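Following: one structure in structure tokens, then a few remarks.
Per-chain numbering from 1; labels A, B, C, D and E assigned in written order.
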Amino acid sequence: MLLNLVIFLPLVGFILLLLLPKDSHDGIKRAALVVSLVVFAASLLLIAPVQQAPAQLSEVTDVPWISYPPIRYHVGIDGLSLWLVILSTLLTPISILVSWSYIQKRVKEFFAFLLLLEFGLVGVFAALDFFLFYVFFEVTLVPMYFLIGIWGHDKRIYAAVKFFLYTLAGSVLMLAAIIYLFNKSGTFDYLAMLELLRTGKLALSHLEQTLLFLAFFVAFAIKVPLWPLHTWLPDAHGEAPTAGSVMLASVMLKMGTYGLVRFCLPMFPQAARENAPWIIVLAITGIIYGALVAMVQPNMKRLVAYSSVSHLGFVVLGIFSFNQAALDGAVYQMLNHGVSTGALFMLVGYLYERRHSLEIADYGGVATPAPKLAAVFAVTMLASVGLPTLNNFIGEYLILQGAALVDFKWAVFAAIGVILSAVYMLWMYQRTFFGEATDELKHHMPDMNTREWVAIVPLLVLMVWMGTYTQTFLPTISASNTKTLEQSKTNVEYQVRLNAR
Amino acid sequence: MPANFIPSAAELIRFLPEMILTLAGVLLMVLVPLKQNARGLFYGLTMAALVAALAASVFAFADPGPAFQNMLLVDGFATFFRVLVIGVGILTVSMSNMYLARERAESGEYYALLLFSLVGQSIMVAANEMIMLFIGLEVSSIATYIMAGYLRDDKRNNESALKYFLLGSFATAFLLYGIAWIYGLTGTTNLTEIRTVLLNPDIQPSLMIIGAAAAMMFVGFAFKISAAPFQVWAPDVYQGAPAPVSAFMSAGPKAAAFAIFLRVFLTAFEPISDRWTPIVWISALLTMIVGNFAALTQSNVKRLLAYSSIAHAGYVLVALVSNSQVGTAAAMFYLVAYAFMNIGAFAVVTHVARKGEKYVRIEDLAGLGVRQAGTAALLSIFLLSLIGVPLTAGFFGKFYIFKAALDSNLIWLTVLGLLNSAVAAYYYLRILVVMYMQDPAQATENLPDLAPGIKATLWASAAATLVLGVFPSLALDFARQSAQLVK
Amino acid sequence: MPQLPQMMTAVPLSWYLILSAILFALGVAGFLLRRNIITVFMSIELMLNAVNLSFIAFSYKWGQPDGHIFSFFVMVVAAAEAAVGLAIILTVFKNRSTLQIDDVSTLKY
Amino acid sequence: MNLWLIPTIPLVGALANLTLGRRLPKAAINAIAIGSVLFSFLWVLNVLNSLGPLETAHVERYFTWIQSGPVNIGFDLMVDRLTAVMLLVVTGVGLLIHIYATGYMAHEGGYYRFFAYLNLFMFFMLILVLAANYLVLFVGWEGVGLCSYLLIGFYFLKKSAGDAGKKAFIVNRVGDFGFILGIFLILGTFGTLDFAGVFAKAGGMPVEATVGVVTTICLLLLVGATGKSAQVPLYVWLPDAMEGPTPVSALIHAATMVTAGVYMVARSSALYMKAPLAMDAVAIIGLVTAVLAATIGLTQFDIKKVYAYSTVSQLGYMFVGLGVGAFSAGIFHVVTHAFFKALLFLGAGSVIHAMSGEQDMRHMGGLRKYTPWTFMVLLCAAVAIAGVPPFAGFHSKDAILLAAHHKYPWIYWVGVVTAGMTAFYVFRSIFMTFFGELRMKPAGDHGHHGHGHHDDHGHGHHGTPHESPWVMLGPLVILALLSLGGGYLPVLHFLEPVLGGEHAPHESFLVYTSVAAGVIGIALAYILYVAAPGLPGKIAGALGGLYRLVYDKYRVDEAYDAIIVHPIRDGSRSVLWKGFDLGFIDGIVNGVGTRARGVGGVLKLAQSGYVRSYAAWIVFGAVIAIAAIGFVAVGGVR
Amino acid sequence: MDVILFLAFATVAVVAAINLVVQTHPISSALSLIGVMGSLAVLYLLLGGEFLAAVQLIVYAGAIMVLFVFVIMLLNAGAEQRRGKSILATLLGVPLLAGFLALVAWLIQSALPASAPVTFGAFTRGTPRDIGQLLFTQYLLPFEVTSVLILIAILGAVVLARKEI
């Protein structure tokens, strides 16, 4: 019940906002903020039940939705989805705060779309019915498309359309796969289908399994984005408004990795294992490639975008290492990346609001007029380069450690990315904050105001918390991952027996 | 010769909707000379008649069965489409009222023609006989020819009407010739009897000729539903005709044509389906490709929507290829969904075009999101539905169709179709882009508020699009029950 | 092919059908070749006549008059089409004062 | 025992200064900074006092840090004898340097920031030495790197400072790359990261079973150590690090942080002793570093640079010690080096302070009459580092050299030569600075070179050099005493039981030789820079190219730039980004778009607008359809 | 006898049809169409379609064609001038026509190898009486619906052709 509240309250808020008068900007902002905060509070209440039994699904609702084909509204969360849901509900109010003064035109639509986006995101992480999942998966497209296209920068239209078509092209394949699965199994229900697979009532031939896996994989890989399907990301990030970038980087990209963990591993274990080698090659390529290209970006947001390509490469590596530590690390890294990269985009947004430029070259010496901003940026940057005691370190360590346990050379290559991350981040930081500030920059660069503090502090706290005391988060994740790996292993055994016959 | 040819009451009831519509039409014809352009009266009368006909067609389904010596067969399928076309009529009328007033055109004759063409369509969808089918088709078509050229002083209208008329009759001739041969080889014009003949190995005629004849009927139908390579007329006609008429043509007559197409090919010619499936397969693919790709380069909204309607016909053809009850149901649902979203889109175009349809280029929509947020929002709903975004009717339409296709193992057709729908997203997105992300061009005369009639059409269509997008079962369940054409 | 004596008295049904086919084809050709709208329209009428011939021939084959009925309806339809079609042609002529069908091609691409 | 208090208090101090420092008066800032360090120093004493002889390590486990599958890492701290030594050095020297800094930095901007960073450094350094497993050690390891980055870049207005900080961090990252890989391998091999557990398992395993992987581990750890302890080939960051304020150079880049690598290797002695190959690698690298850095040190004129290269060279010594198995000797040298090298830097700082920011020794000279105290303490440091008996350096250096000779005699000889060079360049700096007459440039001119940030040093007293205040001299004096007497601390005997490593027999001949080398070096320096000041120039001219090469530090930085940095950066920009991303992939993506429109453009040509062509299409389609359905009886394309 | 009649009128029909196609002046086309219809009427008779033969002459050749001619006169349409030829039409049209013809002829031959030969008088159910009976019993509904068709025709003519008031 509580979960349904978390899912649908944003939708209610969306409609509510549409009903509000167009020009009462403050009212709209306040309403949006209040709604999102309530949602966040509600989502926090989800922690307790999940921690009771992190491997099981809590807060399950399962009611018929469409009579034919039998599609059910089946939602629930476990240790895997819990934190992603909370991440979404946390970042929505934060995005609202950062957009407070950033958004000047068409305020109403903007905040409405933010809430609609939250609705879709929470739904994606909670859905337990393939069809429902696909619906939410697509629903998130629309608000993000408008967020980029209406409130973005100069090349926004190209970016928005590219984003939409890229993702759509991927997801139609997934739709085909889902329908095919239904025709084979007669159900859209995730759990039911897992059961059928486990018991062998649903027997997929090797070819079928491979093709289905690829269909899902491509859809998710585009979202992640996995090299070389990543080129929509720099444009989307580079052109999106701050809030858009934050939501996109922090949560939407996780839809892809979440899908990989939730569906690709347990459903098509054999195919997943067989294809893991080249996928890991792509992931590692992405790690290094993203870092190298990020290094030479003249534009801050694109730099951070490419850094995301690099970081998400770690996640994919962790997922396809089929190793508890690596998988835990991967899921943990999803959250870390959400927190730290989100914060980075916010800070870049702060800079943009002051200077109205994203070109690193237009900055320099910001630390003098805005020391607080510089300090916060430093902490965030250090988190994202994986400094111990800050969050990213834990994720990267677990991923690499796990990968190393499976195959040491993976860790060797992937760890190069850790070096490079320091290179591009520090270089960007130095060019932006160090040196003598020009007078007009000094003049345009007030230090952080209270609202900006309020928005960023939760993330800073999380960076330290998740970096030092992982016990809050890791056990639940670990438990559900153990189950995932278990399922995938049993299914593999079953598949092997099947193909042996 | 049948013993009693006096139609029983039940039969008359099954024919009630047509009667109501006809009477209303005649009444209008009588009233027109007496009351010079009493728009309100004509409008009210037409609406009343349509609502009555709607009720009648539902009422007629209470006691389904054949009528008039098997000329008609009022079953769920027929009822479904009757309701659909009459519903389309209602939406069209309510948006046409303002249009006719704006263009200073007589409304009485227009409504009469609309009613008559609806008579033709509701006869078509219920026809169980080649003759009935042919006459219904002609009634509907001829009325539509006139409506396409309704503004007789508008060059575009003339051209549209002429092209539609000439090519339409041309294609009809093929249809007729096909019918003639079917009759010649089977000795009957009744669909079910044709089927039995084809199934009976003893009296089975040369399938070759049957196939050829079926092919000629296919030409006729394919023309009406604008399937490639017979789609050529559609863009010109839709572009030239008055916007409400284009909306009507792309929703009503098209749906009716699909209805008879399905009925004929899935009952009468079902036994030789392995002969006609390949060509329909190819035609479906071509239709999707031609429609979508040609639409990419359009700058005129009406023409773009015309191409898009071609593409959507392609999707429905996929359902036909899958040749199954599920497929039929999918096609039926899709036609409903398509009717709503397409009429909605055309309604917005009608509204934005202003008098004389001056503003029909995509650029003319620039900044609509600011100038009239409500209208823009509605149009975006329709466009998203046309793209096939979840929680809109269009999505479920596509979903069911491709599901049916996969049921019949049409894997390649499905994949290609899905990719096509991804391509299609591009040109719909272009409209969204222009509406929301470009500033209005200078010197655009300010937009009048939405007329109540159009507003009604828009809200109704939008509501239907969304409701069917969340609860498709409302329409689908009935479609599935009535999709069984061969008892 | 039936033998000669019978041929003197009776004509194979197929000949009628071939004739109707030829006429139909000629109608098609006329539609494609003629440039005068009215002539094009007349070509359609020619096609309809061809169809009628087939109908009647076939109903001879089956020994029942359904075909006649059908061609009767075809004639009615043809009449209606003629009325409407000529009216449309009139409007076109009024606005463009031409009957050249190729001049009526402003809507394209 | 609350070991956690030791690092935490400085952390609290750091946070306090960071958050409130802006509004606090200097006195309060000093109180917080020095107080916190003083507290942890006292707490260290208290802990050691109460733990007694420390026969066994004392471990304290606080909370599970990372727990996932095979990985189970607690946040644990421990004290054993090695840690105890390091703790005393770090907190003790750290305390002195804090005190000194209050004087030295008195007139700097960002005062609170400086001390916050310094305290933060203390926190991480203490974590590093207290760590009970490799990952916690890694935390401290990275943390001190961060602080050094922040402190080197303290004068961030200067580009050179920023660059130096960045360079330090990145080069260290390269080292850490090896270190973390080593950690992965350790966990994979031994299933744990706890020192106790790892060494126990390693001890249990037969050598041949583990030698391969253990060697790999040790070499990877060595990579880490070379980064942190500025060994070849990763030493390049340390000389640049002198951009930071002098107390930083003294604390981080001389006394404590840079010895972390030595500490880590010594900590892993149990592993290294199972990997002879790795041991040799350590020794070789140490030796090469020692010689290379010493030679460069001979030619530099910037006083801090001289001491920087001296540090690198001395670190090399320590590695030699470790490499030849004399772990305790290596650590012993860490201790003594901490004393005299910190003293050298602080003294240099005092000199710079006196010269109002001048760092070039060519513009100094004859300072001993202006700054007698500074002169005295620097002299103590010099004799200590030069290995003059009986001062501190002599004992530690001898221990190393003896052990080296015991293992590889040739290493000993190279070491001796290096010792000579060391003595030479140190006394060269002393003589150039304090003897002869003042070669100071006219006042007001010094602002242009030297360093901008030091300008506010010059306030009030341009012209004649001036002695530093007592708050700076006090620590100097204490350190001087330690440099003189530090050699008699019982470090060796204290450590050998825990670190093992064979003890070399004492051969007086070897001792005399090394001492002689030192003396010769001093004598040469006297001749060249006091007796015959013209000579060095001549010699330099005589050596010509060779001299210039050495003077340019063998152009290693330039080489790295040319070979690694530029190719990567330009390659990424032109090939990966512009070429692959924008060119290839987006080329495809957008290409698809344009192709599609092209196709559409072709397809719509069918819409010629001519009725008769439309009719033709219909007929065409009809023929095809009739042919297909009529004659081609396909079994169904399904 | 039949053969002669058939061949004679078939030839007339075909020739007239060809003439229709090749003539450039609408009037001559119209006249040749009337010729076709006339000869077809005779063939209907041969097939026993008395009623239809009559209707063919009265309604078709009579009413409809008169309408055509009337319109032609009204618009005094001259002969076509050769210009604006649509390449596609000519290029595709002719060969397609030939192909189409061959196809259909062959089809028919192969379809009805031994169909009953047509003898005049063999089929007697084409009388007005039979037709009328059927129209008002079996085909009542279509017959009624055609009235709607006529209504539409009237309406169309009114809507499209009337002068502005």
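Going forward, contacts are C-beta pairs under 8 Å (C-beta built on N, C-alpha and C of every residue); 3 or more make two chains touch, one makes a residue touch a chain.
All of these numbers come straight from a predicted model, not from anything done at the bench.
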Can you tell me which chain lies farthest from subunit C, using the average of the Cα atoms as each chain's centre? D
Point out which chain occupies the most central position, where each centre is the mean of Cα atoms. A
Ranking B-D and C-D by C-beta pairs in contact puts on top B-D
Based on CA centres, what chain would you say lies at the far end from subunit A? E
Cα centroid separation, subunit B vs subunit E, in Å, comes to 31
When the C-alpha atoms of subunit B and subunit C are each averaged to a single point, how far apart are the two points in Å? 27
Report, in whole Å, the distance between the mean C-alpha point of subunit A and the mean C-alpha point of subunit D. 37
Distance from subunit E to subunit A - Cα centre to Cα centre, in angstrom: 71
At least two partner chains per residue is the criterion; list those residues in subunit D. 604, 607-613, 615-617, 619-620, 622, 626, 630
Residues within subunit B bordering two or more other chains: 131, 135, 138, 142, 145-146, 149, 152-153, 161-163, 166, 170, 208-209, 212, 235-236, 426
Throw together a list of every chain pair that touches. A-B, A-D, B-C, B-D, B-E, C-D, C-E, D-E
Residue numbers of subunit C touching subunit D in their complex, please. 28, 31-33, 35, 40, 101-102, 104-109
For subunit D, which residues are in contact with subunit B within the complex? 593, 596-597, 599-601, 603-604, 606-607, 609, 611, 613-615, 617-618, 620-622, 624-626, 628-638
Can you list the subunit E residues touching subunit C in their complex? 1-3, 6, 10, 13-14, 17-18, 20-21, 23-24, 26, 29-30, 33, 36-37, 40, 43-44, 46-49, 51-52, 55-56, 59-60, 63-64, 67-68, 71-72, 74-75, 77, 80-81, 83-86, 89-90, 92-94, 96-97, 100-101, 104-105, 108-109, 111-112, 115-119, 122-123, 125-126, 130-131, 134-135, 138-139, 142, 146, 149-150, 152-154, 156-157, 159-161
Of subunit D, residues touching subunit E in the complex: 608, 610, 612-613, 615-617, 619-620, 622-623, 626-627, 630
So, in the complex, the side of subunit B touching subunit E is made of residues 1-2, 5, 7, 15, 18, 22, 25-26, 29, 67-69, 71-72, 106, 109, 112-113, 116, 119-120, 123, 131-132, 135-136, 138-139, 142-143, 145-146, 149-150, 152-153, 161, 185, 205-206, 208-209, 212
